[in-house]
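Please read the structure below before turning to the comments.
Order of writing sets the chain letters: A, B, C and D. Residues in each chain are counted from 1.
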Amino acid sequence: MPRQEGRSAAPSAAFGGTRSPGRLVAFSDAVFAIAVTLLVLDIRPPEDFRRLFHGLGLLWPSYLAYSVTFLMIGQIWVNHHVMFDHIRLVDRLLMFLNTLLLMDVAFLPFAASVLSDAFHSGDGERGAVVFYGATIELAAILFNIIWAYARRGRRLLGSTIDDAGARFVARRFRVAIVWIGAGTLVGAFLPLLGVAVIAAFIPAYWLPIRGERTGAG
Amino acid sequence: MPRQEGRSAAPSAAFGGTRSPGRLVAFSDAVFAIAVTLLVLDIRPPEDFRRLFHGLGLLWPSYLAYSVTFLMIGQIWVNHHVMFDHIRLVDRLLMFLNTLLLMDVAFLPFAASVLSDAFHSGDGERGAVVFYGATIELAAILFNIIWAYARRGRRLLGSTIDDAGARFVARRFRVAIVWIGAGTLVGAFLPLLGVAVIAAFIPAYWLPIRGERTGAG
Amino acid sequence: MPRQEGRSAAPSAAFGGTRSPGRLVAFSDAVFAIAVTLLVLDIRPPEDFRRLFHGLGLLWPSYLAYSVTFLMIGQIWVNHHVMFDHIRLVDRLLMFLNTLLLMDVAFLPFAASVLSDAFHSGDGERGAVVFYGATIELAAILFNIIWAYARRGRRLLGSTIDDAGARFVARRFRVAIVWIGAGTLVGAFLPLLGVAVIAAFIPAYWLPIRGERTGAG
Amino acid sequence: MPRQEGRSAAPSAAFGGTRSPGRLVAFSDAVFAIAVTLLVLDIRPPEDFRRLFHGLGLLWPSYLAYSVTFLMIGQIWVNHHVMFDHIRLVDRLLMFLNTLLLMDVAFLPFAASVLSDAFHSGDGERGAVVFYGATIELAAILFNIIWAYARRGRRLLGSTIDDAGARFVARRFRVAIVWIGAGTLVGAFLPLLGVAVIAAFIPAYWLPIRGERTGAG
């Protein structure tokens, strides 16, 4: 009974070895929700209101960065829950790795603003897509590390997932690394196509998985 | 028993078909609360403090945009809860539709700032009201889509609402589309009147419904 | 059994007459937490880093506005909980009144920034204290209205408080109106003294009440 | 039965003597999550996009301030939970002390922005590290005061920790005062080394404690 042991004795109990992930998940959700809502602060109204729709149209890179990043963080939120639905215990190292992941996700509003500024200015689009893609790639890598760590010997997993399921999740997380990495690489040469490849990752992960049984099935 | 089936087997369990809406509601609430509180960042103190009240008075378009948008998001929050009080299961598509709704609501601080800037500058008021109204209209449309999807064959609804109740909610959501649409249209010609029509939607939805039995009844 | 009745039948169930305050409290807490944390965005680093401590010292009006407003919203948070510990049911009107209260509290970062800017510029301090005090006074008035509405015929109160207790809370809320009103009035003539009177309200409400039995008693 | 007594009678029940810490912890978590996510707003994209990576490289002080402060607040969040895992009752004074702690943590984004601006400008680095370190030191001091107050006569502690455990936590919190104080002092002479000492505090508190039994043990 690892969880009970972690809280039974001092000084072990004081800085507990392991604990249930409830608070970690709540804290992560708050960071995701705030990061996603801060994105709008980067969109600034046009200066000239006499040609308002023209001005609003020129803001397309901001809308692009806003919507791709919003949906991407939404995606990250969903996958974070998928992962922690099956993680029953968290230890210090897992908490630290999760903090690194949050630090990367909370950095995305900056990467998004570099992206939209580059397309606004017409310079540095390639570099900006690489910078933006690399920030998302880091999140994908951290997902893989966290899941691999939690799976090792099933130490931190609950009984809601069997080994085949855990392998299936790991495979899906590995696909993310390749996909986002490919989009970043493409962006180094064709920036808008790179953004499109990265954005295409979103519906691929939202749409039902072939063969997945749905609640209505 | 869709919910149990969705968590029973791998790989289905891994990226679960359906789940209860608790976390989706908590995440949505957080986005609503943040969006509503970020609105104030758009109100900037006047430059000249020697005639402070004069300067504060000139900020009326900011106060108008702040209060209408705040109460509108409050309204959206209430209606979101009404909807998810009766939705017992969420699947991927519902989660995606809800993310689109959040993306639209989190965009409202920008639309509000376009609105107040237009009235400050005295140019582009018509276009700004149309832009602002269209953002709210999109939220109304997404409410209708989400509810229609959840009702279809009562697949995702719980037993807390019967078919008559579900139809009643649907009718109310349809009224929102017409009302906000009308306000947006009016705003294309008479901007302040358009804002007034949109704002009038708020008390209409807050005030008790004729014939509604209250807890004290 | 008002609560059950409110959920039993359609269309009443659809937009329910009354409900428990859990979500309203959670939403309010989120707005308080965000408003309080946004305050820091108004403090800007000095321009000249060669005389850093001199520059940091000149920011005293920002620190003053930050700390008084932070502690005041902390106070409002505590009192909001005191109130909703005893409110067992919320209806539409109560939800609307609470939204007005949140709209006022979320406006405080702006009022605080008017206050600090006035003291920075050396102009308009009197007006700024009046504006700031009036924003807090409105919160105090809304507290009184909400409590009076909830108490009327004990319609919305739970059994955790008796009539004497409800009167006691009402009296305390009335004191807030007088106190903040007095500070605002003083500020119209002696701005810093006005801020001091308003700030003195905070320890008065944090310190234990004479005669209050504590958990250790 | 202190908790029941605190809610039993009026007027004591009205402004209750003690209560369980659930809401205080949730409110604190929200402030930590918001403060940590606001940090990114201080990083501004470079002006010149023709040499984007050069410009992004020049932002290193912003990345440094972002990551050290993010991880430090993450650390504070973990330690706050360790503390309140064992605090079963909170009274007014504890709530006030906790509000002071939150006020200090919510101030950290400003201190971080002073730090990065100083390194950007090349002036005032020493003063900025002292200012930044002092803000963290104040948090460390408040942790010690809150824990000492909660431990006194075990008035507010639960049975999840024995006296040895409580002493162990107190010792760990005292180390924080010395460590951060030393880093601040070093920073008064060698600013980057001071930041390094402060940053080194983070892994020291994240890494497992020697002799700590983990859940897998």
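Assume a contact is a pair of C-beta atoms (placed from the backbone, for glycine too) under 8 Å apart; a residue touches a chain by one contact, two chains touch by 3 or more.
A quick note: this is a predicted structure, and the numbers were derived from the prediction, not measured.
Peer 1: Once the contact rule is applied, which chains count as partners of both subunit A and subunit D?
Peer 2: For subunit A paired with subunit D, there are no chains in contact with each.
Peer 1: Indicate whether more than half of the residue numbers at the subunit B-subunit C interface occur in both copies; give same if so and different if not.
Peer 2: different
Peer 1: Measuring between Cα centroids, which chain is at the maximum distance from subunit A?
Peer 2: Between subunit A and every other chain, the largest centroid distance is to C.
Peer 1: Where the centres are mean C-alpha positions, what is the separation of subunit B from subunit D, in Å?
Peer 2: 36
Peer 1: Mind checking the centre-to-centre distance between subunit C and subunit D? Centres are C-alpha means, answer in whole Å.
Peer 2: 25
Peer 1: Counting only residues that touch at least two other chains, what does the list for subunit B look like?
Peer 2: As it turns out, subunit B has residues touching two or more other chains at 30, 34, 38, 41.
Peer 1: Chain adjacency by touch: line, ring, star, complete or other shape?
Peer 2: ring
Peer 1: What chain-chain pairs meet the touch criterion?
Peer 2: Going through each pair of chains, those in contact are A-B, A-D, B-C, C-D.
Peer 1: Quick check on the complex: what are the subunit A residues that touch subunit B?
Peer 2: Its residues touching subunit B are 29-30, 32-34, 36-41, 43, 45, 48-53, 56, 66-67, 70-71, 74, 77-78, 81-82, 85-86, 160-162, 164-166, 168-169, 172, 206-209, 211-217.
Peer 1: Within their complex, state which residues of subunit D touch subunit C.
Peer 2: Subunit D residues touching subunit C: 2-3, 5-7, 9-18, 23, 26-27, 30-31, 34-35, 38, 41, 89, 91-93, 95-96, 99, 102-103, 106-107, 109-110, 113-114, 117-118, 121-124, 127-128, 131, 153, 155-156.
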